[in-house]
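Per-chain numbering from 1; labels A, B, C and D assigned in written order.
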Amino acid sequence: MVTHRAMSAGEGASVDLTIELCGIPLASPLIPAAGTLSKEGFGETKGIYGAMLPKTVTPRPRVGNPPPRIAEVSSGMVNSIGLQNPGLDRFLNNIDDYGVGLPLFVSIAADTVGEFAGMCERIAGEERVAAVELNLSCPNVEHGGLQFCAGPGAVREVVTACRGAFSEKPLFVKLTNEGVVGNAMAAEEAGADAVTLINTIPALVVNAHERQVLLRGGLSGPAIKPIALRAAYEVSRAVGVPVIGVGGVTSGIDIAEFMLAGAAAVQVGAGSFVWEPREMLEEFAAYLRENGLRARDLNIAMTEL
Amino acid sequence: MVTHRAMSAGEGASVDLTIELCGIPLASPLIPAAGTLSKEGFGETKGIYGAMLPKTVTPRPRVGNPPPRIAEVSSGMVNSIGLQNPGLDRFLNNIDDYGVGLPLFVSIAADTVGEFAGMCERIAGEERVAAVELNLSCPNVEHGGLQFCAGPGAVREVVTACRGAFSEKPLFVKLTNEGVVGNAMAAEEAGADAVTLINTIPALVVNAHERQVLLRGGLSGPAIKPIALRAAYEVSRAVGVPVIGVGGVTSGIDIAEFMLAGAAAVQVGAGSFVWEPREMLEEFAAYLRENGLRARDLNIAMTEL
Amino acid sequence: MKLHAVEVLERERFGDHALIRYRWTGTPPAPGQFVMVRIAGAAQAFAPFLARPFFAHDYDNEVVSLLFEIRGRVTFLLSEEDSVLLVSDPLGRGYTLDNGPVALVGGGVWVSPLKLLARHLSRSGIAFDAYLEIPATAPGAYAAWIAENYPDAILVRTQADSDAPQATLESIGDLTRYAGLYASGPTPMLDAVKRFSDGTVPAQLALRERMACANGSCYGCAVPLWRDGVREYARACVDGPVFPAKVLAW
Amino acid sequence: MKLHAVEVLERERFGDHALIRYRWTGTPPAPGQFVMVRIAGAAQAFAPFLARPFFAHDYDNEVVSLLFEIRGRVTFLLSEEDSVLLVSDPLGRGYTLDNGPVALVGGGVWVSPLKLLARHLSRSGIAFDAYLEIPATAPGAYAAWIAENYPDAILVRTQADSDAPQATLESIGDLTRYAGLYASGPTPMLDAVKRFSDGTVPAQLALRERMACANGSCYGCAVPLWRDGVREYARACVDGPVFPAKVLAW
């Protein structure tokens, strides 16, 4: 937590921050978490992020949930955005908004397995897309609203369908913490090239004075970091595909912790609303320098107990 | 967050803090969470807690895990105690240590369904015990170490067995957050009189500088409060039996939030290591006074969205 | 979000309201823009976690001032003598200046951005009247401070329910004589202004939906708008916080 | 855990070590006892969350002092001029005073409790020698401060590896001439003292396993002991933090 954030970019330059994710070379292991960086918020991205990852897109436009959509909680925030997005057509028409010279990963969600596969098919033809991330933390209308990551069976079904429709490029599967190990194994069996974990954790915020539910949504931020680290640790030991760790990153030491726990790459979400990813990366670079390590070596650099 | 703690006990006296839990009248809805209050730590309990709940007991003594057993994280702590306890015999021999004039609830855990039932049978004969809380967040050796609360089937099996062996007094079933709604419904079907949720959440603490896992254990404290509130909210709407809420309570407003979310009673764990339960209860009393409510009315006092 | 440590020049406190002035050599804030604020001491801790938005109350030769009501942790810390501030650049879309005469309609602590707006209107020679409602619940010290700092404003000190907006609008009399309305006040007041302005005088309302990222990324600050006949959610932090009343889909 | 707001009388800083004195009218601490400490400003926030244990370094007419090394957030805040302290009553089982002559063997910042111990030994007329190892890594300012505050102590300033305990024990010479050893130092030193004491001179070691509740409730501060031939975990906060070397099951 207590860190030296005030380091110059220059110092960071010397260390080797590059990694390779499913054959895609990334200039840094840091990736924006889906839904937490839009083009208006880009600012500087070069030399910071290894890839660009826009908000989850759905087959049709979604207006999202009525406000309030966010609330602050201890060491984090709860959000209930409702996947507001312009839909796949408009997204693809404006895809150049995300052309910032970084590999472009696209996060998608849908109501049915068929729609998921259909989206993959369309995106497969889009050469500006380097990889797809399936956001399985959304309700499957054909299964009474159970999430697509409700269990290994559901995961296997949707990943298999998407794999078939999207055979040329890397397919990432993003999971929630609930049942994460079994679901990650199912995703790997079904052909996923990597698993991203974890999504926000279901949470509730109560306003005692108004005697009302202030918000029913997902928890993210430092509060969930120990949970996300545990997921990265257990899953990276249960599957052979790379793990992309996400949950509560706010500093370069956090990035290191996730990679030491077994993550090949790390996403930052809520933390980027408060701190600068550039400073996180600089702190991460300083950590590597002090320990004489390269970013890509970290996930095997842990001395087991 | 934490508000006016500096209130005198006197002021608290006037409001009605009493509740009834499965037919047991409690002077207050506040109960120590299992494993977080030992006799050495009692201090004043009368007028604060509604019941006493010692650390989980197992059939045989358990030495517990080697240190380190605890680590601090953002807004909480991670622990890995390993259920250190003297075993049922010694516990029952010294049960008067817990005779502080409050109803005594006993938390138990075991390696097999048979052992669980056996413990219930022995405790059933102990008139100083008012209720039993089954700690199902422990590995079932007969099922390859899967937790007893790994799923509805497992829960139903162990609760049914314990219900049969412990028919006279209230049986509480304590669950983890994972799959909590389905597991709570299974517990109710199998005859549980109440469900306690949630137990600590699996977590990992990494020491980046030592490049080591500092601790692999369970997360508790304010960091998990929004998750625990969500569990209390969803489960109290899915089952008919009372919900005992636990997770991240540090103040009287927190107690109110859990009861508004649907909890009939509230347990405090890690928060009591740092703040005084007496002050939490006084703040809770002040909240009731300001809102002209009785403790027992809170779980129906929420204005639905 | 890039936050800058700034030098606090002055703090004033009136009841549960307060004003803070800090040195700012960056881009000057435009009327209706806001800044995100965190407390440096707490910056490494995570409580409070998110930065908080505040309207630029005023800006004059490299000094920005914020006017706020002490509501919770951040505003409490802000009002503390020794707190060290981290602030963002001025953010969002503020008021669009147009032909006069215009009326500024404000209430409570939300009058804040109207100060800088008045400064810009005067500078551009646009005639305006300011009508400010100070709720009965606001401390007298605050009412006095407002009277002093908005010398030309017509003050309405509501006696009963601070949220009764009619009180204000009626007291203002015929608003149709204005070419535009610039409002920033309690929700009921904004409501009333919008209802009045529909079909009469165009109005611009300063909204304040809760924010997390303040740069358009999180979609947390949703404001319902009509866009080509479709009701959709805009983001107060990048599309606002000031919106034309007529596009609001309330 | 009941924590009391106390008046800080003085703060001294020597390199990355510091001393803090506060007024304490409650039960006086016994040698080897500790107190739990939180920072009041941060008390309402949750960072840091847990209170932290510190040995009572000294106690003299209603003033308790703590000697500490700045390691992380709490110790940093502790060393800050304006921080407001919350402290618990003195906790745990300290050193048991016995017949002299005895030797105090300490090292690093862990010499802290030996100051109060020396005071009690003198008061009870028990003869003792103090051997303190100041690691090469400790700042000179700290070494100087120790020399000044433990005037009669034999100081060993290790040059190379601060954790080489032999250095200390050898330099002390024949410890068998003492009736008892009272140790508080880096783990390797405590190790060496235990190994030496087994079968020779009885020793008492001050341990410092991490703590959460500090009242025996959480079982977090586990220390392995032999009890009637069985190896089990005691709790440093209630069964210690000072333990007889011979019972430790290291």
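As a working rule, a contact is a pair of C-beta atoms (placed from the backbone, for glycine too) under 8 Å apart; a residue touches a chain by one contact, two chains touch by 3 or more.
What you see is a predicted model; the values in this text were computed from it and never measured.
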Chain C and chain A - chains in contact with each: B, D
Chain whose mean Cα position lies farthest from chain A: D
Between chain A and chain D, centroid-to-centroid distance (C-alpha), Å: 46
Centre distance in Å when chain B and chain D are each reduced to the mean of their C-alpha atoms: 35
Approximate Å spacing (C-alpha centroids) for the pair chain A, chain B: 33
For chain A, residues that touch 2 or more chains besides their own: 1-2, 73-76, 222-223
For chain C, residues contacting two or more additional chains: 44-47, 73
Chain contact topology (line, ring, star, complete or other): complete
Touching residues (chain side chain C, partner chain B) in the complex: 46-47, 73
Chain A residues within the chain B interface of the complex: 1, 73-76, 78, 178-179, 201-206, 208, 210-213, 216, 219, 222-227, 229-230, 233, 248, 253, 256-257, 260-261, 287, 291, 301-305
Contacting residues of chain D [partner chain C, same complex]: 41-42, 44-47, 73, 82
For the chain A and chain C complex, residues of the former touching the latter: 1-3, 35-41, 43, 55, 63-77, 79, 81, 84, 221-223, 250, 270, 272-276
Of chain A, residues touching chain D in the complex: 1-2, 74-75
